[in-house]
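Just passing along the structure, written as structure tokens.
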Amino acid sequence: MRRIVAARTVSRACRYALLGGHGLLVLFPMLWLLTTSLKDTWSIFKDPWKLPETLQWVNYSKAWISGGLGWKFWNSMVVDLVALTVILLVAAMAAYALARFKFPGNRVIYYLFLSGMALPVFLAIVPLFMLMTDLHLLNTRVGLITIYVAYMLSFPIFILYGFFKTLPGELAEAALIDGCTPFGVFWRVMLPLAKPGLVTAGIFVFIGLWNEYPLALVFLSKGELQTLPVGIASLTMTQRYQADWGALFAALTISVIPTVFFYTLFQRQIQAGLTAGAVKG
Amino acid sequence: MRRSDGNPIREAEPGGQKLPGLAYLHRPSRLIVLFLAPALLFYLVFYIYPMAKAMFLSFHRGSATSEEFVYVGTENFQKLLLHDSAFWTSLWHNLELVVVAGTVTLVLALALAMALTQTGRGRGFFRVIFLFPNVMPVVAAAILWSFVLNPSFGIVNGLLRQLKLESFCRAWLGEPQTALWAVMVIQIWAAVGFYVVLLYAGILNVPRQYTEAARLDGANGFQVFWHVTLPMLTEILRIAIIYIVIGSANTFALVFLVNEGEPRRHTEVLMTYLYEQAFRNGNFGYACSIGVMTLVFVIGLAATVNLLIRKESVEL
Amino acid sequence: MEVACFLGGYGIDFFEQCAREYEKMHPHVTINVWGNPRVWEQLIPRFASGTPPDLCWPGWGINKWSLVLNGQVYPMGEHLQQPAYGVDKKWIDTFVPSLLEVGRYDGHYYLLPHNLDTFGWWYNERLFEEHGWSPPRTYGQLLELCEAIKKEHIAPVTFAGRAPVYALWGFFFPWAISAGGIEVYNRAQNLEPGAWKDPAFLKAARCVMEMKRRGYFQGGLVGMSGTESQMEFLVGRAAMIPCGSWLHNEMKDVIPSDFRMEFIRGPVFEEGVGDPTCMFGDGSDWLVPAKAKHPDVASDFFRYMTSPDKAREFLEQKGSLMCIADLGEVKVPSYMEKPLQFVNQAKSLWGIEYSVWYPELETEIQNAFIDFYCELLTPEEFVERVEKAATITREDPSIPKFKIK
């Protein structure tokens, strides 16, 4: 009996050590980032371990204003929200058509969309670059939004397909009998019922878009229009030229806080969505 | 449940539900087309067409500013596969990232998930913070860790110095011997949370009867895990591995930022090499051939994984 | 009219000032000047879509010669024949001839230089005075000095390990040139067979390894960027740093007020055959795109910027050397006195044309150097690897070849 208790205590200690250890590994760099962002460049280099003597909030204003992070934040908001809306709408329509109607090529089209999740994006980047150039959409927000829509359709279609498939048919029939147009059935009956799917897909797409880097790097590199990830990356290389490490740390903190905060707020949905996506698949 | 006319209500079947004959104001086929058109338009024009064109262009030579592309047959592929050490180095690094970092990620995630399921207190707290690295932009994680690993002011070296272990101090991301491993650490750090959540859900789904029956049979914790829990996780593990494999080819931001956009062969991966060839050197055709080979790599890897896992489940 | 610049240690305020002055002189012209440290990332799409700016300084991240060979750059031959601003000469004659040659191909002038960067070693003057050290002139003196510095627990030499060019320009190439003469280096630039394996390069590599083995290079510098290594120098953890003449400008916001640094030529071999006064000279490359909307205005504006008066101003304001000759009496900032003096005294200048002609070769050389420095390659293996890369470049028919005359 005592051996079992001892074994249990040891195993509990191990468990907490493991969890705590990883927790520390996750949080410590982030805390270090926060504290260092309030130091000035000189003390960052001279005494990396000392806590800041005076809080250099000026780092943040430097990053926001002269680093242009305020603008990049705004750009990301605009591009991502517009793209998100378009993606959800277009994906919902497509998923609805695929899930509730039988027609030749239905399966093929569905798998075609799904395959998008598996293909490496960069394969297409060169011809895409040429295409956007020809359409004069290079370095435009519209261009990037268009690309984001094309590349982020697969996952929402996948999620919403599952939702639409399980919605009972008699609601549609009842609505039709009531004189509703097929489009109205979609808009007023089915779509609201698929709200959880929309929310899940929406959260994922938004986080994915907010953090997206390679496509934004290639297709929206113009200074004023850059999204936040591109802005931060190029800021790192700028600050390195101007040797302002304090502001650099501040900029990085600014970029991390929104998604972490947003995630903490919605973490239950996000966690549920992650597993739903995989378990269903 | 039955409808008013006595016919049973059918759930929507895969492939769509066939609604019994009612007169419509609009034919469903028009609705289908209307609903599918936007998605297909975006997808085909901006995704499928460029992918196909990339394969076409990989047989040509040209740049961003050249007026036309010259057909050169398999010249690009010959040069790539026979003479280009940078390509093979990149490929090898991608493979290392998938196999080593992927394995460590899964093992760590499994361990953490198991620990989570058996823990009462603090479970919620851990579940929340473990995903922090996943939701922050890869850009931020990469830059943060390049600071953490900075030889002058980074905390890793700082910690080593405090512990009087100065000789262990390294330029972790700069030295060829340690650079790729450092990148792997960052990759694992940023990815593991997702797999913890995934496996955690999977473990919770293992029916209690099995684990309890095994315990009654005298199996200890580890044996229960190995013979009961793990086999039931096969499906989820397979999905996780597929995610890892697909994601492996996409590694770009991490390596690109760690090297500050400069080509550094000791951490080069396929996507950064493609970017270098396309946008620094202007070799568009050549870059496309790299893309094609990357696709081959991913497909090959996925097929291998599928084969191996199938063997596993058959043996069970 | 639009001007796109590389935003580096000198900023772009000078160019903006020139723009305002030019606008006053020509009221119907408005000039938009903008800059970015990674300006090439934004220029590539502009060139691709056929809407480039009118004048640009693309920086080092773009293959300029590829642009030239694709017909994307405006040949400046005719414009150069016009009279310069402010002096009684043709524009073409105001430049230092050898620096103008760099941008010439097939008889046409494509790339025009503006300011000149040179490279050398900076040392912590106050630290040296405190310990009674004198800056080294020869390799032998360097070794002795480093030993003394090391005893004081200060790193003798640091450089930006992440940017191997600091090492290549700071000592590897200078030592090869010192050992074998500039001809060895130019043969290598011309990709002659076996040129990169020349004993001069091997000797330089061996010396690098000797310095490393003795611990004279700062630990961890392989992970340092340019500004990081410069910070190490300013903080006092390293005594000497091979760096460009832009050091002061780049770090001006963080240099402590009591810090003094001085510039010297990198130490050379006493018995070396190469010219000991030889200095590194790299002019900035400006070009007018072929598809520019206003090539004439762009050319004229650049002519204004490169007039001896404006050049003198740039030198005095920014402390940068210029590619324009005969500037007469100039009042340089104190930290530029030595660089200017050395460049004026130099019997010859050496440049890095090959890295602009063959960017892939340059990438391979940089990567090989990192591996060599981290002792994954012996000096012999290092030069062998570079030679192999040069051979591949030479034998690749799709890469256009250039020659140093």
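Residue numbering begins at 1 within each chain, and the chains themselves are lettered A, B and C in the order written.
Rule of thumb we're sticking to: contacts are C-beta pairs under 8 Å (C-beta built on N, C-alpha and C of every residue); 3 or more make two chains touch, one makes a residue touch a chain.
Source: prediction; values computed, not measured.
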Most widely separated chain from subunit B, with each centre as the mean of CA atoms: C
Chain pair that, of all pairs, has the most C-beta pairs in contact: A-B
Geometric centre distance via CA averages, subunit B-subunit A, whole Å: 15
Interchain centroid distance [CA atoms averaged], subunit A/subunit C, Å: 41
Junction residues of subunit A - those touching two or more other chains: 45, 129-130, 133, 237, 240
Shared-contact residues (touching 2 or more other chains) in subunit C: 38, 41, 45, 48, 225, 228, 231-232
Residues of subunit B whose C-beta touches two or more other chains: 64, 152, 260-261, 279
For the subunit B and subunit A complex, residues of the former touching the latter: 3, 9-19, 22, 24-26, 28-29, 31-32, 34-36, 38-40, 42-43, 45-51, 53-54, 57, 64, 108, 111-112, 115-116, 118-119, 122, 125-133, 135-140, 143-145, 147-148, 152-155, 158, 162, 189, 192-194, 197-198, 201-202, 205, 221, 236, 239-240, 243, 246, 249-250, 252-253, 257, 260-261, 271, 274-275, 278-279, 284, 287-288, 291-292, 294-295, 298, 302
Subunit B partner contacts - residues on subunit C that touch it in the complex: 38, 41, 44-45, 47-48, 61-63, 66-67, 70, 72, 161-163, 219-225, 228, 231-232, 359-360, 363, 366-367, 370-371, 374, 376, 392, 398
Interface residues, subunit A side, partner subunit C - complex: 41-42, 45-46, 129-130, 133, 136, 138-139, 217, 221-223, 234, 237-238, 240-244
Subunit B residues within the subunit C interface of the complex: 61, 63-67, 83, 149-152, 157, 169-177, 259-266, 276, 279-282
Subunit C to subunit A touching residues, read off their complex: 7-9, 34, 36-38, 41-42, 45, 48-49, 225-228, 230-232, 235, 250-251, 253-254
